[in-house]
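In what comes next, subunit A is part of two complexes: it sits with subunit B in the first one and with subunit C in the second one.
Our next item is the complex of A and B:
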């Protein structure tokens, strides 16, 4: 009879003969990033491939979600409610290492950690998220973000909390300025949900206040639905200035809270939320995976980086139009990426007939939700939206639909965060 | 009929003689082609016809607009100057109305 004890001895013996041990050792799947892409990948790998050894590297011990951060700004959720730990991930059998992955050696198949350790892998899932491009807006650097919060990369939640405190401290009648970047960026409807949620707070607490949304773009996600809702719920409160009416912010004066446009108009505001242009997170760029615009091009079936096969890049760091940079896409694509990684490591073909699913819900008021849905598939040159697979919520005065979609949004959030971080 | 909007121009205040510099212009205008339907009715044509940039009365740049020009036309052009001058930017619509703005550029 083979007992755990004798098996252990056998394993010890094999370490002395590494050439033999590789054939017997479990496949090592290394996941960098413990957010929507990485935590979902780790979960899927443990559920579907119990014989694969899964290690997750994530510097933070607590994860604050981007989704529902705007409800913290509205004051209807607290940060605790959108913050998650990794205990359940560990309990599922994932080795979680809280350290920063600082470099990748794709030839040696090794990841270097900031703490000095090096971890070998058979396949790498890289889901590092985004970096804010400090300096892309003149004067907007990390120090400026302490005065004009971006609240776009939640980190420990400090940025969201700071913006909320500034809104609470603002006098009634103040102007909240929001600078919105050009495409592509994390969470296409996010800035407009944010406008809506800040307006919902101001309407209750500071009804004479205004929101000045200065946008580098001329159009945005779910635009008709958002603008209908703004007119209905917050009449006269929100001014949205598109890029072709000089909405693009190119410079800020953080101390004076001045947002300056491309043509030199200076908007002085009471509270400024600056959402700067973005790129893939630093590790992806340092590893040479990103293209000239700062995002990682991937194979639409396996999500391997075009610049480095064997490294599967999911989540907001990749460029996969027409799919949005959303938590749901990160979650949905993680399964195909993991299944492909394991199949390829075993010399098999990646799963055929992949499909990727996305819904972006947005809250625009109390009991008022809207959504955009899409199904995507790999195409001959990238990703293709399946015709008539989704669309946006219908327009019109539909209070029941809006109320239900707000409930669906809450259910979506609970279900996806349970999948990643729940027991 | 109301007049044209106030043009926006971003241009350096000082440039080097003979060195190309970038000029950005933005003119708010609906650029209605006369083809668009709105609730069963055709929206009347209302287009900018051209943008001209002159230096001491002499044209240095001219653009003619057609149906394909988007609302709120945004143009980036590169110019060169040999000496300090006033640049006059003039937009003219198809009804002959104009909007102008003048910017002095100092050549060092």
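Our next item is the complex of A and C:
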């Protein structure tokens, strides 16, 4: 049906104006990925360019957000509250195809779907997200994730649900081990919000339990604020081991629930959450867009992949330091990427004076939220954070600030998911 | 009668002029917390349709820490006067 409609439009254009070139037919914007980057790109394109034909390819019919997944682990949200469908996206006039994009031909400007179909495009927005690097931690593969959940790529929500069930089944006094990867990875404050949210559950339900956070890094996002909160809310419950104190996990024994460090220390835990090293999703790697580190380098104005102009790569799959791999950055940059793609397709210049906006809220306890803000711009060699702006919440005993930020975090979540998936 | 080249140029340029985003993209970032279209979200204030001068004054005060807030000071310091002016004009024009 979708194919027929697409063909119908093309045929009508051919009959009505046989002498006019492809440039006069509706511009075809193809979006791969229906998450924070892709769904935002599709919405912005429909809102701002009603004459552009927008097609979104996403394998899943239901999208589970990474943000607020940690509240599911805390038991204060249910999975269905962070799960969204694509009906409103369709109602907005986006053609949504639930299939896996399995290959890109940048010369023919065509995307191959796992179902066998090939879709032509004038401009491609690629927002495929991340892949977990199975085997980067010895013994940690897809089968091991069935025992030691990562809960870092939500998929159908099964991983988050599994980790929650394991926490519920754990006896009071158990140790929850969390392995945290080196930079860069999706959602820099995410592991530490997760530590906090698991601690909030344990404090209520299993107060003799402990969290052992084994980190490949020596420092992390909003560190002072997180550690202040841990000391205040969960004293004695959380041990964070940095990389320079042998925190880096290099091997797991999934059956025995053993996390082994670089220098051979073996931590046997009751529940293990292993967040492995990551890369751009497979389609970006297979299309030859990624660098040796596994991420896609992009132009800071247009988000075109340096390896393939005409393919605009947004979201966690690109490498854009100092911007974080966050849902808000994916959302914010999607608009500049779409506007640039359409301008370039029409022979015009991309929007000038671009700025990209991020706020990452983290919940660390009941009515206790913290944030980091960043405003970024294209620079001569990549992205630059705007001086004397942004930054983290103030430290200190500020209960009103913490309570308000928790409330505002909820408003952020509602606003951004409404933009992507709401009517 | 217009020369063919002018007609061709009009055919190409007219749609391009009419079809771009007609607003500063930075203004759309506000909606990330202030609700779709910055129409407000729960306890977060609506911005759309407010007088431009009020929005500029608020951002200026946030930037100088003269108005209490949780994160708006950190945000306001990331934009120039000209950018705040353009964002405020855009939001004021929306209902």
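Everything below uses one rule, namely that the second predicted complex is superposed on the first by the 402 of 423 C-alpha atoms of A that agree within 3 Å, B and C clash if a C-alpha of one lies under 4 Å from a C-alpha of the other, contacts with A are read in each partner's own complex, and residues count from 1 in each chain.
Operating definition for what follows: a residue touches a chain if its C-beta (ideal position, glycine included) is under 8 Å from a C-beta of that chain, and two chains touch if they have at least 3 such contacts.
Everything numeric here is computed off the predicted structure, so don't read it as measured data.
When both complexes are superposed on subunit A, subunit B and subunit C sit side by side without a clash. Judged by the touch definition given at the top, the superposed model places A:264 against subunit B, while subunit C stays out of reach.
Look at A:422: by the touch rule set out above, it reaches subunit C but stays clear of subunit B.
Using CA centres, the angle subtended at subunit A by subunit B and subunit C is 120 degrees, rounded to a multiple of 10. More subunit A residues lie in contact with C than with the other chain of the pair subunit B and subunit C. Once the two complexes are laid over each other on the shared chain, residue contacts for A:355 go to subunit C alone; subunit B is not touched. Once the two complexes are overlaid on the shared chain, A:332 sits against subunit C while remaining clear of subunit B.
This overlay, made by fitting chain A, leaves subunit B and subunit C with a least C-alpha separation of 27 Å. Of all the residues in subunit B, the ones that touch subunit A in their complex are 8-10, 24, 26, 28, 70-72, 74. Residue ranges on subunit A touching subunit B, taken from their complex, read 244-246, 262-264. Interface of subunit A with subunit C (complex): residues 23-24, 44, 48-49, 51-52, 328, 331-332, 335-336, 339, 342-343, 346-348, 351, 353-355, 357, 359, 371, 373, 375, 386, 388-391, 393, 401, 404-405, 407-408, 410-412, 414-416, 418-419, 422.
Per the touch definition, subunit C reaches subunit A in the complex via residues 11-12, 15-16, 19-22, 25-26, 28-29, 31-36, 41-44, 70-71, 74-75, 77-79, 83.
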